[in-house]
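Pasting the structures in now, so scroll down.
Next, two complexes with chain A in common: one pairs it with chain B, the other with chain C.
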Partner chain A sequence: MFRPVCKSTNFHPKLWLAAMALLILYGPQLHAQDWFKTETSSGADRIRIAVANFKPISADAQTSSVKGTFDATLYSDLASAGIFDIVSKSLAPQSSPGTPAEINLQQWSADPASAAMVAFGNLGVEGGRLVANGFLFDAKNTQYPQVLAKQYNEDPSEESARQIAHRFADEIIFRLGGGVPGISETKIYYVKMGGGNKEIWEMDYDGANQHAITHLGTVTLSPRVAPDNSRLAFSSLGREGFQIRVYSLLLGRMVNFAAAGGTNLSPAWAPNGKELAYSSSRSGDPEIWIADINGGLARRITSFRGPDVSPVYNPRTGSQIAWISGRTGLPQLYIMDTDGSGVTRMTDGGYATSPSWSPNGQFLTFAWNRKYGPGAPGGQDIYVMEVATKKWIQLTHDGGRCDFPSWSPDGRHITYANTADGRPEHMKIWTMLSDGTQKRALTGPGADMPNWSWK
Partner chain B sequence: MSSTQTVFRKFFVAAAVFVAISAVTGCHKKRSGIDPNSLGPAATTEGAAPTATISADPLAIDLGQSVVLNWRTQNATVVTIDGIGQVNVNGTQTVAPSNSTNFHLVAKGDGGTTEANVRVTVRVPVAPTVPANTGSLPGDMGTDEAFHQNVQDAFFDYDSYDLRPDAQTAISQGAAYLAAHPAIRVVIGGYADERGSAEYNLALGENRANSARSALIAAGVAPNRLRVISYGKEKQFCTEENETCWQQNRRAQFSLDR
Partner chain C sequence: MVSSLPLPPRQRTLDEGVLTSEKPSPAPVTAKEKTEPPPTPKELAIPTKVSKPVKTAEKPTPEPPKHVQPAPPQPTKAVTGETAGIRIAQATMQLKNGTASVSVEDRTFGSRFAYYVNIVNRKVAQNWYTQEADPRASEGKRVTIIFDINRDGIPSNVRIGTRSGSPSLDTSAIRALQRVQDEGFGPLPQGDHITVEYSFDYRQQ
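Coming up: the complex of A and B.
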């Protein structure tokens, strides 16, 4: 799906791209030293934002419970957005301004908060409804400070409080982040191990609300959600081996996908949602095939002996595929056009797997073990490569085996799987900014193969 | 002259034949008849110890089947077998024991007593245990044990799906067994060790299983008897982190396709 980058609104998207370009430009020189800071992570260009605890409308127990959830979620969403320098709650004024009339902006713009922006408001359960009013004020503009005012009205529950906080955070991020929609309402699909089986689970982008989607009682891998969030494609082990299967998130059940001979793996949705690319060995050797979303009209794209697997479309154009091929020995990252022409090898050695293409089409992230071999030093880490120049940077270091990076739809985040000690059962899902900072675990052990939804 | 000469010649020939027959057979009308004791094997000549052997064919039977006992003695006068009683000194008998039995033979003679034993094992059928996936094809593929003994798994080098010489040998032997047992259908599982990435390892496992399949086909096994499934690193045989264990997991495994 085409994701417009709004260039006219203000300077922030350009800064983001410039920062990434800078990062890529200096990447090869910088990778020699283990840690580096870029403009995206230095804080210098980030908007310093403060989030006041919302003021309760009433004093009942339900209000204070949902308010706690709301405040924590809003703070967490803005802190992890990747575009803010957030004011620690310990530095913020103790006041909880509920309305524009109650806020003293000097208090927020002065030391130690030094906030450029303040988010505040009120929230409570009123007449059986959860009502919230949220404001975003420019702390330096005392004459016309209001940037944003939003009102929400939902069924009262913890889940509603989280959703309201997500939506308000996304409004702020959209407004201050250069018109790129926030990701607070996106989902991550992943593989959950348990009892010798692997099922597909879903969680919110921040790790909340983890729950099972499939109950197939077998080994199910490689979940990939459709661009419109309507379906989930994956590969599942049956009597005839691994087959591509599709689950409808709208119907809540499996839907048809024509079975093919051989092992069928790693589906990938075309950005228009009308085709799936996947690895199939129906002809005897694992090759990349493209079929419609019912498995019909399948056509083969690659034709070299050796494993070909893990295709992923360029989400910007839909006309290119990156994938992993073992045609020369160890698996390497390649790109080609969707008709199989223009094959270009991207990695120069090692063991590269699990590509994901950035939403703007400029970058690939993948897992790479650059010194792969028995007894070789180093490990499998997450890398980002600029497609045009093949220049790369390393995002994870010395943290154990990493795999399955997947871009967020705003391109600012990457989710991935990591096992600190290398044991597969200790694999957890993590998230980080796409410059490698702000790493944090989203799940406990036994979770693998995350896939970030398209919106 | 011719007629008288012929008559004389005939007489002469007849006389010569008579003389010749008499000379060959001899005239021993005074000798006694044949001594019966000198013909049979048994008997109590001059007090030698008896010998005895007993055998059973077959040595193991299922309940309800019969077995043939066969015994031979020498220098014995009285021969008994426990459970049967007195029997001839040499003989055979068909018996159908209901459980495993020791047939104990005692041969007594003037020279002493000799014993001989044979044990017949009777297999009593036990109640059928869990039908271990044998399903509706009783026996025509043989047992898993016999199959795995003769069709051994092919092991691979690290990140390779080329057949090593040892794997070639294993597959040649396996192909011979499959040629001798045409009812067997085989599922070939492709496996990878736990290093590397799950999706790539599944594709690699597919290539490994296909390498083994191609080699079996080249050795004369019909393609429709072979089925390939890749398990990648999803079903590990061994979960330790060392090369011995990894080697165990890098294999094409042959199983009966029941």
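Coming up: the complex of A and C.
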């Protein structure tokens, strides 16, 4: 570490050293004594990143169409990552550099773009293959600017252009986001209403590529995908009432899960993928049961009067379950160990439903109507609670009824269902950052109960 | 609590507005209207006679003679690290309560992968909760933490390099590193480990 030796008159020497180091490093940004701080951010700021339009390396019609998809996908992935301050395309320089030799970094680091990082590259269809070269450069480091260089080679189609953009965006987010893998390739499973039935559908995390998974011709609820993305568990209405059923995404067909008496709802995968917790009323009262993934060896965890539903494992440890219990009247949020001990009530009143545990195990998100009753103010909104302190924050406000929050695997996003006018057929799936900002709808009306895949 | 969500911190909402504040705004102070007593004749100032200023013609100032500036002498020494353009393996970040600066022992790593040094700095700064330090005891103090980052970006072997003299400040700095230990900084771009020296300067606003 470089330390200038300066004799100051009336200064604490260490403070003076720190000030000198500051002055040398960020000379143009601040002057040692007379700078002031305008409280725009209370902590460290976010990385400002610019995305150049990729340069086409071949001039056919297919290249220009996949290039449009690629540019739009890459930009929206980075903009919705939650860790960047993205340079708007209107502020970025007009040029689209294709290779490291073509980029003029000063152009990007200067006003108005003033980017700290630039993502750029080229793509085109060559010999029947879609080839893309992506680069990430540190615009402030003129000596060694390159942070990342990636090459992709795929079948030429819109879909693979989107996949390449997702993978490149994830690579950037992984490097600059401090080791948290990006979520651009994750999926959201949800319930789609149509024709009197409810089926399970799948879409990309950004709402693209929506398609059906099940064709059971009945009412199917609460899809939950396995931690390894191999199976999908849900609750489906059949001849024996609501039963837990499992669909294999690898085989593309239903696989066995032993039926039980009563109403069986809301399955939840253990993070090791070897057990399922769900709510079953085979003993007369809805209680939490845990079974293996074939439905065998079922054991009861709760034994209280009143319904116990919507279990969810702590994904970090796998040794705790959060669930909703009506043992004291209105449904409240509780947590317990997976053997049924250590029951702790988390909410102090109101009407709480559908918890989801954050990937780092620190937070719970759930839907909560804090002042439940006729004529009570407020409505059902999404809340986040810190498990250790039971402190909570409200993420949605006055947007109509919200329900079914689900964390993304990076812990930075939450997807949820919202209906602006309260009618269930107008339910849409939304996504937001886990501090409640950047809300946007992913689907049209008629979509409900989203579940974010584990990876 | 919002600050411990794995997202960068955001701007705080203004708490002074009438609509956003929980506190009722203070009622305006009303004073009784007072009438001025009529001035006594002695207090009335006698107006002085206004005289026009004397106009003087503007004299053109002669232009100073042009001198040729002597060229600054060329430095006879080799360029040292003080010049701009050479990056030092250090990054400093201003925070609400103080400064966080990081430096790596391997000088070439710091210049080659300046972005990684910045990420380390940013991530630790985000997880340093300055309210954990006692503001009176820690004012103006500086603690230096030394730790290693392994190939996967996980910090380990966290130890105090220089104590600040304020135990709560030392603990808050150690805790900042412990919060990062779960997910780390992301994989190292080069090498299998690197030693980092991280300084926390506490300064009350």
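As a convention for this text, the second predicted complex is superposed on the first by the 411 of 455 C-alpha atoms of A that agree within 3 Å, B and C clash if a C-alpha of one lies under 4 Å from a C-alpha of the other, contacts with A are read in each partner's own complex, and residues count from 1 in each chain.
The rule is short, and it goes like this: contacts are C-beta pairs under 8 Å (C-beta built on N, C-alpha and C of every residue); 3 or more make two chains touch, one makes a residue touch a chain.
These numbers were taken from a predicted model, which means no experiment stands behind them.
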**Prompt:** So, A:D339: does it touch chain B (first), chain C (second), both, or neither?
**Reply:** neither
**Prompt:** Which partner does A:S279 reach: the first (chain B), the second (chain C), both, or neither?
**Reply:** first
**Asked** Regarding the shared-chain residue A:F363, is it in contact with chain B (first), chain C (second), both, or neither?
**Response** second
**Message:** Once the two complexes are aligned on chain A, which partner has more residues of chain A within touching range, chain B or chain C?
**Reply:** C
**Item:** Which of chain B and chain C A:D435 touches, first, second, both or neither
**Value:** second
**Item:** Footprint overlap on chain A, where chain B in one structure and chain C in the other make contact
**Value:** none
**Prompt:** Across the complex, what residues on chain A touch chain B?
**Reply:** 198, 219, 221-222, 235, 237, 240-242, 262-263, 265-266, 279, 281, 284-286, 306-310, 324, 326, 329-331, 351, 353-354, 367, 374, 380, 403-404, 422, 424, 448-449
**Asked** Can you name the residues of chain C that touch chain A in the complex?
**Response** 1-12, 81-82, 84-85, 87-96, 99-101, 103, 111-115, 119, 121-123, 125-126, 140, 142, 152-153, 180, 182-187, 189, 197, 199, 201, 205
**Asked** Which residues, counting only chain A, touch chain C once they are in their complex?
**Response** 1-2, 4, 12, 14-15, 18, 21-22, 24-27, 30, 37, 39-47, 82-83, 117, 138, 140-144, 147, 174-180, 360, 362-363, 384, 386, 389, 391, 393, 410-412, 433-435, 437
**Asked** In the complex formed with chain A, which residues of chain B make contact?
**Response** 158-159, 194, 196-200, 202-207, 210, 227-231, 233-235, 241, 243
